[in-house]
Each structure stands twice: as C-alpha cells, then as structure tokens.
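Paired with chain B in one complex and with chain C in the other, chain A is shared by the two complexes that follow.
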Partner chain A sequence: MHRSNIAFWTGAAVFLAAVFVLTRTIGNEYPFFAGYVILQFVVLSVAWSILGGYAGYVNFGTNAFFGVGVYTAVLLVEAFGAPLGVQIAVAALVGSLLGLGVGLLTMRMRGIFFSIATIALAIIIETSVTNWRFVGGAAGIQLQRPPVTPPFDSYVKMLFFVQALLVVIAVATTRSIQNSRIGRGLQALRDDELAAECTGVPTLRLKLLACAISGALISAGGAPAAMYLQYADPSSAFNLNYSVSVLAMSLIGGTSHWVGPVLGAILLGVTQQLLAVTISSEVNVLVLGIMLVLFVVAAPKGIIGLLRRQSSLRAKDRS
Partner chain B sequence: MFSWDLLLGAVVLGVLLGCFYAAVSVGLSIAFGLLDVPQVAHPAFLVLASYGVYLLNDRFEIDPLLAGLLIAPLFFLLGLVTYRLYYETFERRGSDAGVRGIAFFFGIAFIVEVLIILQFGVDQRSVSASYIGKAWRIWNMRIPIRQLVAFAVALLLTVSLAAYLSKTFMGRAIRAVAQDEEGLRLMGANPVWIKQFAFGIATAVVAVAGALLIIIAPVEPTLDRVYIGRTFCVVVMAGLGSITGTLMAAIILGVAESIVLTMFGASWAPAISFALLLGVLAVRPQGLLGR
Partner chain C sequence: MTSSNAPEASLLRIDALTRSFGGFVALDNISVEIRKGERFGLIGPNGSGKTTLVNCISGALRPNKGTVLFRDEDITPLPPNQRAHRGIARSFQIPRPFRSMTVLENLMVALDFAPGHLLELATHRRDAAMSILTRMGLASKANEATATLTQVELRKMELARAMATGPKLLISDEAMAGLSTSEVDEVLDLLMSLAGEDIAIIMIEHIMQAVMRFSERVMCLDAGRIIAIGAPAEVMANARVQEAYLGA
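And now, the complex of A and B:
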C-alpha cells in the first residue's frame, strides 16, 4: 500500500515535470491546443466515474456541470476580472454545490430515472443561461485573455499545464476514494443499495459525497475552457456531446479502476483529435457512438477488463 | 399585458399540442412503461421516422401520413431487432444491465442522430401536403390546419392503441408480461417473444408519430434532444405504462408549454417539460395514475 503511494506520486511528479519541460521546449502551439482537449476529457471521465463507475449512477448531466464551470468562469471574468486560479476554485465550489443539489433532488431515484433527471437539470440550467443577458444570452460572449503569467510564454501552454495539474488532482482524488471506505461503500451501494443500507453503510451520505466531489471536479475541468476558447455560448458549453463522450470514454476504459477512464479518455481523445483534423466532427461522434455500443455489448468491463483477462490467461498458461 | 383571449388561445393550442405529445410518447409508454426497457433512443427513432417520411414525400410526393404508415412495418422490424439485441446482451445475462443498458440506448441514439446528419445535413427539412400552411379562423383565434390534422391522427392513434392493449388477445398478453413474466412462462407462453412483439409495436407507432412530428413543424437532426424531455416527462407523469394517463399527462404538458410560450416567449419553452419531469420525479415518482 505504502509503496504504491510512493510510486503514484512519483509518477504524478514526473508527469507534471514532463508537461512543464514540453511547454518550455516546443514552440508550436498546436500540440498544446489539441492536447488540452484530451487532458480535459481525462479530468471529466475520471470525475464522472466516481459516481457512474463506483456508485453505478449514470450521470447524463456531465454537460450541466461542465457548462456551469464555463459560465462560473465567464461570470467571474466579466464581473471582477478574476484570475484563472480563482475561476477554477470557484467553479469547483459551485460544481460541488450543484452536485449536492442533484444528490438531494434525486435522493429517491435510481437507474434510468436518475439519468433522465440529470439530463433535465442540464437543459433547465442551459435555458436559464440562455435567458441571462449579463453572460451573453443565446448569442454567446467574447472574452479577452489577460497577459500570460511569467514561466510560460503563451496562454495556451499555461492552460495545458493547468489542465495537467487538474488531471493529477482528479486522479489522486479518485484513487484515494477507490482505496478508502468511501469507495468500498459506493461499490456496495452499486451492487445492492438496500443490502448496503441494512449492513450499516451510510448510503445517502456517500451518494451525496460522491455527487459533490464528482460535480466539483467536472466543473473545475470545464472552467478553463472559457479562456481556452476565448468565447462561450450556452449551446456549446452545455452540449450533450460532452455527456456522451465522457460516458463512452469511462465505459470503454472500464470503470472498476481509475486507470480505466484515463485510458479510455486518452484513447478516444486522441482518435477524436485525429478524426476531427482528417475527416469531420460528425464522423467523430459516429465513431464514438459505435465504439460505445460495441464495448457495452462485447466488452462489459472495458479495456481494463480485457487486459485483466489477458493477464489472468497468461498466468494460467505459466502455472 | 394579460388578456383572457390570449390565455384561451394558448389553452386551445395547448390541448392540440398535448394530444400530439401523447402520440409521440405512447410508444415509449409501452417500451419503458410496460416493458421496463430504458429506451433513451426513442426520440432519435422518432426523428429518424420524420426523415423517412420526408424522403418519401420529397421523392415520390406521397402524403406524409400515408408515408408514415408505409414505413411503419420497417420500424416494426427495427423494434424487433433492437429488442432482440438488448435482450441477448443484457436481459438474458442479467448482470449490471442498468448502467450498460442505458449507455447502449444512449449510444444508439447518437449513432442515429449522426447518420441523419451525414445523410441529410443539419438544415431543417419539411414536408408538403394540401393541408399544410392553411389556417382556420374561429372568433379571433387562428388555428393552423396542420395542428388539427396532427391532433386528430394523434388522438386516433392513442385511443386505438389503448383499445388494442385492453381488448385484443395480444394486447392483453403484453400487459400480462408487464405484470408477471414468470406467471406467463408457467402458462406455457414465451414472455420474451411477447416482449419483442410489443417492442416492435411500440417502434411501429413511432413511425406514424414521426409523420406527425414533421407535419407539425420542420425537423432537424438534433431535435431528439428536446424530445427526450417531452416524452419521458409524459411517460413518467402518466404513471408508467398507462395509456389514458399518457394522454392526460401529455395534455397537461402541452397546455403548460403553450401558456409559457405565449406569456414568456419561446426561449423558455424547452425547459418546461424538463422542469415538470424533475418536479414529478422528486415529488410523485409513481405518476398521476401510478401502478
């Protein structure tokens, strides 16, 4: 246990150092521009799997949390000219409150009802933002990036580094949940909520906690998108494509371990970037949908399920 | 500026709209309400049917309602195949059907949506027929005839489906399988086959509803996203599986949307169904006429 902790944090430090060195050495901005999106999806997928993977509550409202993150940032920039760090921190706070709200509202719902309720929430919030003039309404709003902070020489590279930092935070949070009583409690309530409650697992508290943490991380991951695009409008900030992408990435990677969503997000994120450049963004969504259905039908445990089966087969061969 | 005339007009149009919503939701009422299949792709099939009707109307100038009937058998087959796939992969294995079953239909919905975009583009499409574009004037209200046609056909569709489920042998078998699958098995019937047939009927109904959808207004590929809210709102508010409840709930939704549209403007309309849905789920999850 202790050794794996050291390995994890060494890995995280090496990852961040490597990202930092890359931003210093590569002059071209495009790789960072594309890489940002992939890192963003890693954050969203890992955060989604806290609720969707461990607890078995399928949140279709990823776009609600993402959009709330974006618009919290927009509001802070417009009203106070707040710096990026504040935008992300406040977005996380708002996201966790929203998550708590979702948890309380959907207390008695399970399965498809929970999923539909989260879509409903996304549309209601989107409609409210659309009718809110101060943040641009339906037409959207243009944002001006402030000058970049010294160690970085361009804003996109800085955002890339910030998103990498968020990846580490999201993965570390999810990993510590997975290895703790919280994670085991969530898994118990996924398998049988009634039985878990009867054996003394505080199911409601755990569910609310999972909603709040997952929501905070998704909103935090969405907040820098305002500055990344220098523009925000309701229909793209609350696009349902975020929900389906994140669902697909998590399930394709496999949700029983935090590595799953990371693998899924990287794999699909890279594929998407390549397809968007070479073919079109529609084909992109098509590939995503087909892969989602294929994996759900043929490989229920995702990529990590496949890998584990491989390794257990090999172990059998050897013995 | 409040006026009774305006409110009355809104209510009348709302009732017309509500019956149309009943028609688009009644298939889901069977698939989700009776059979417990998380058919999130229902609205996507609906829009697909609209494009099928558009194709027949555009190429061969077939009346949209007739076109809807013509593609209904194809949708029946689509329903059979979809349910068989769902059953073989999830219901039969039984494990973890919840998360993956929902993801499965969500994925199908997106595939259908993108295929429509690739084939027809993102522009709005509409059909032409003699009754589209004209309106009746009653007192000082203007009622488009297309709304009246959709209303009449929707009412006919919903009532005949309710009759089918309560009067015919097969209809009763469908309701029986929803109540007690094991009991049906003990009677020597095959519950899976009945469920598959029922899912086929539910999907065939979607074909006709899709014709109504494109008669009432032009369609675009991503229209299904709004209808996720409308159809699930109606079905959940109705109490799962109740056809009469579906009609009542749909009229409530139609009137609510129509009033909000008149009083506050179109930009708030999409949120109405979802807000109603959330309210019903939070307060009375068993619906108006719950089982």
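And now, the complex of A and C:
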C-alpha cells in the first residue's frame, strides 16, 4: 500500500519533470498544441470514469461540464481579466456545483433515463450561453492571451504543462477514490443500489460526492481551452463530440481501474491527432466509432480487461 | 423459550402501519412489537404483505401511515442506510450480491460503512469480515467471485453480509427458499446460533417445519392484516390461518 503510493507519486513527479523538460528543449510549438488535446482528454476521461465507471451512472453531458469550464474562464477574463489559475479554480467550483445538481437527478433517475437527462442539461446550458451577449452569444468571442509567465517561453507550452498538472490531480483524485471506502461504496451501488443502501452505504451522499468531484475535474480540464484557442463559441465548447469521445475513451480503456481511461484517452487521442494531420479531422469521428464497436464486441471490459485476462492466463500457465 | 427472567424489552415497535400501492392495500393497520433477541416467524400466503412489511422496516419503502420505532427511536423517515447503522439488517428474497466483488469484498462494504468500524484500520475490518465468513462456513470462498457460489452459499453470504453490519435485528426474507432439506437445516442452525447472541431475527418462510422449529412467536398475515399471532402451535392451530394459509 505504502510502496504503491511512493511508486505512484514518483511516477507523477517524473511525468511532470519530463513535461517541463520537453517545454524547455523542443522549440516547435506544434507538438504541444497537439499534446495539449491528448492530456485534456486524459483529464476528462479519468474524471468521467468516477461517475460513469465506479458508480455506473453514464453521464452523457461531459460537454455541459466542459463548456461550463470554458465559459467560466471566458466570463472571468472578460469581467475581471482573471489569471489562468483563478479561471481553473473557479471553473472547478462551478463544475462541482453543476455536478451536485446532476447528482440530485440520480435520486429519481438511473440507467438510460439519467443519461438522457444529462444530454438535456447540456442543451439547456448551451442554449443559455448562446443567448448571453456578454460572453459573445452565438457568434463566439475572441480572447487575448496575457503575456506568458517565465519559465515558459510560449503560452501553448505553459498550457501544456498546466494540463499535465491537471492530469496528475485528476488521476491522483480518482486513484484515491478507487482505493478508499468511497470507491467500494460506489462499486456496491453500481452493482445493486438497494442492497448497498441496506448494507449501510449512504448511496445518495456518495453519488453527490462522485458527481461533484467528476464535474469539478471535467470543468477544470475544460477551462484552459478558452486560452488555448483564444476563442470560444457555444457550439464548439458544448460540442457533443466531447461526450462521445470521452465515453469511448473510458470504455475502450476500461473503467474498473483508473489506468483504463488514461490508456484509452492516450490511444484514441493520439490516433485522432495523427488522423487529423494525415487525413482529416472528420475521419477521426469515424475511427472512434469503429474502435468503439470493435472493443464492445471483442473486449467489453476494455484494455484493462484484456490486460487482466492476459495476466491471469499467464498465472495459470505458471501453476 | 425466553432465556432470562428480566422484563422483555421492546426492540422494534410497529404502530398502525398502512401501506398501499394505488388502490391495493398491501398492509392494513399493522401493529406489532418485537422483543430484544426474539426469534419471530412471519408467515402468510403469497401477496399477503410479508415483504412489504419487511421493506417498511428496512426502509426500502415508506409507509403511508403509521410509525416504526426502533430502540425507542422513531425511524419512519430514515433511509435504509441509516437504519442499517442503527442495527437493522436484512437478506433479500432473491439474493442481491454485489456481483463485481468477491465474497470478502461484499462483507467489506458493510464493514467499511458501519459506524463501529469507521476509525479502524482496513486490515482490522478485513479480519472482522474473515471471522464472519469463517463462522458462516464460507472462509474457503472468501476470494471467489459471487458468480461461482451455489444457491445455499449465496444465501449464507447474504446473511454474512447482513451480520457484518452489526445488527440488533436481522430480517431473513425466505433465506431457505429453493434449498434442499439438509441445506435448510444448515441455514436454520446458523440463524439459531445468531439468535443466541441477542440478535432478534424475523424469519419469513414458507417452509413450515423451519418456522415451527425456529420461532418463539409466529405472526400470520393475510391480505395485509394480522390474522393470528402467538406461539407457533397456537397459530398453526388457528382456523383462519389454516383457511388462509394452508388452504384447508
């Protein structure tokens, strides 16, 4: 237990150090521009899996939380010229409040009805933002990046590092949930909510907690996107593609362990970036669909499931 | 069969409980009291309201009228998890294991959230879970997935999980349905030994021999009403019970 903690935090430190060294050594901005998107999807997928994976409530409104993150940042920049750190922190706060709202939905809805309600929520929020002049309305809004803070020499590289930091925060949070009694409680209520209640699991409290944490992380992961693109408009910030991609990444990676969504997001994220460069950005939606179908049929428990099966087979061979 | 001469303290008091589903009255003005450590048999034909009563006690359903008092506290508005923390545990008529977990982990869920174990180390909770499994004869299955369990093992696991919450009242909802005679005896012995530890047990059962052997008192429901309550032999001899339940 303690050894795995040391290993985890060493790994996280090495990862951040490596990211930092990369920003110092590679001059070309493009790898960071592409890498940012991959890291962003790692954050979103890991965050999504807290509710969708452990608790079994499939949130189809990732785009709502993402867009809320983006527009919280936009609002803060427009109104107060707030710095990036504040944008992310407030976005997390707003995301957690929205998460609590979604959590209340779980009192009355589960399964497909819950998923549909989250889609409806995304549409409601998107419509509201579309009609909100101050943040640009339907036409969107241009944003001016402030000058970059040292030690970084470009804003995109800084955003890349910030998103890497968010990856560490999201993974560490998810990992600690998975290893705690909260994780076991969520798993129990996913298997059987009434049995969990009667066994003493405070299911509503756990669901609210999972929704709030998941929502906070997704919105935090979305907040830097405003400065990343220097532009925001409702139809891209609330694009349903975020929901579909994140769902696919989590399922393809496997949701029974936090490593699953990380692997899924890297695999699909890298594929999408390569396709966007070599063929077109539209093809990656097709590829996403095909991969999802392949995995659902051939490996319903995702990459994690495949790895576990391999290792248990090997264990059997040895014995 | 009361073991002590001390005044029999009330553990659970149900007062004028009514629950209906639409126009159908599943429980009609039920009042009954269960004593500490009592072995209480609940019988009645299918659809007579036994499981509805259990659901109202465990909190899965709210009654339309009436109150449920547990250790002199009105628990009527409480959700099931808080009732579990106060000492009400149950098994389900159709077993409801946590299927993605091992047998041991199923018990760990209960211990993780039991008020008495909140400050304990995880290893202590694990030991506590193992000792319950050992007692239930499931120790060898601790690390098996629940899908590999036989029917009787699944029933025992449900009882073990209920025990892990540290109950004062255990409701066993047809834990013996579908079991062979020897398996019924096994489960019955387990319940008997639990009752010996000052845990009151409400046993819902269709297997009459089991009910007769187990219960200190038996209550018979029919169409949501109590038609007889008392010593097992008395209740079985009651003409209305024979008419309603045995179809004689």
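One rule holds for everything that comes next: the second predicted complex is superposed on the first by the 317 of 319 C-alpha atoms of A that agree within 3 Å, B and C clash if a C-alpha of one lies under 4 Å from a C-alpha of the other, contacts with A are read in each partner's own complex, and residues count from 1 in each chain.
We adopt the following convention: a residue touches a chain if its C-beta (ideal position, glycine included) is under 8 Å from a C-beta of that chain, and two chains touch if they have at least 3 such contacts.
The model shown is predicted, which means the values in this text are computed figures rather than measured ones.
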Query raised in the report: Would chain B and chain C fit next to each other on chain A once aligned, or clash?
Result: fit
Requested in this report: Please indicate which partner A:V297 is in contact with in the superposed arrangement: first for chain B, second for chain C, both, or neither.
Outcome: first
Report task. Pick one for A:R181: touches chain B only (first), chain C only (second), both, or neither. Result -> second
Report task. May I ask you to decide whether A:L22 touches chain B, chain C, both, or neither, giving the answer as first, second, both or neither? Result -> neither
Query raised in the report: If you stack the two complexes on chain A, which partner ends up touching A:G111: first (chain B), second (chain C), both, or neither?
Result: first
Query - Touching partner for A:V58 - first (chain B), second (chain C), both, neither - result: first
Query raised in the report: When the two structures are overlaid on chain A, which partner does A:L204 contact: first (chain B), second (chain C), both, or neither?
Result: second
Requested in this report: Scan A:L194 for contacts with chain B and chain C and give back first, second, both or neither.
Outcome: second
Query raised in the report: In this superposed model, does chain C or chain B come into contact with more residues of chain A?
Result: B
Query raised in the report: Between chain B and chain C, what is the tightest CA to CA spacing in Å in the combined model?
Result: 9
Requested in this report: Take the contacts of chain A with chain B and those with chain C, and give the residues found in both.
Outcome: none
Query raised in the report: Quick one: in the complex, what on chain C touches chain A?
Result: 58-60, 79-82, 84-85, 89-90, 92, 96-101, 105, 108-110, 112-114, 161-162, 164-165
Query raised in the report: Of all residues in chain A, which touch chain B in the complex?
Result: 52, 56, 58, 60, 105-106, 108-113, 115-117, 119-121, 123-124, 127-128, 130-131, 138, 240, 244, 247-248, 251, 282-283, 285-286, 288-290, 292-293, 296-297, 300
**Report entry** Complex contacts: residues of chain B adjacent to chain A
**Finding:** 32, 38, 40, 85, 89, 95-96, 98-100, 102-104, 106-108, 110-111, 113-115, 117-118, 225-226, 228-229, 232, 236, 267-268, 270-271, 274-275, 277-278, 281-282, 285
Query raised in the report: Taking the complex as given, what residues does chain A use to touch chain C?
Result: 181, 184-185, 187-188, 190-192, 194-204, 256
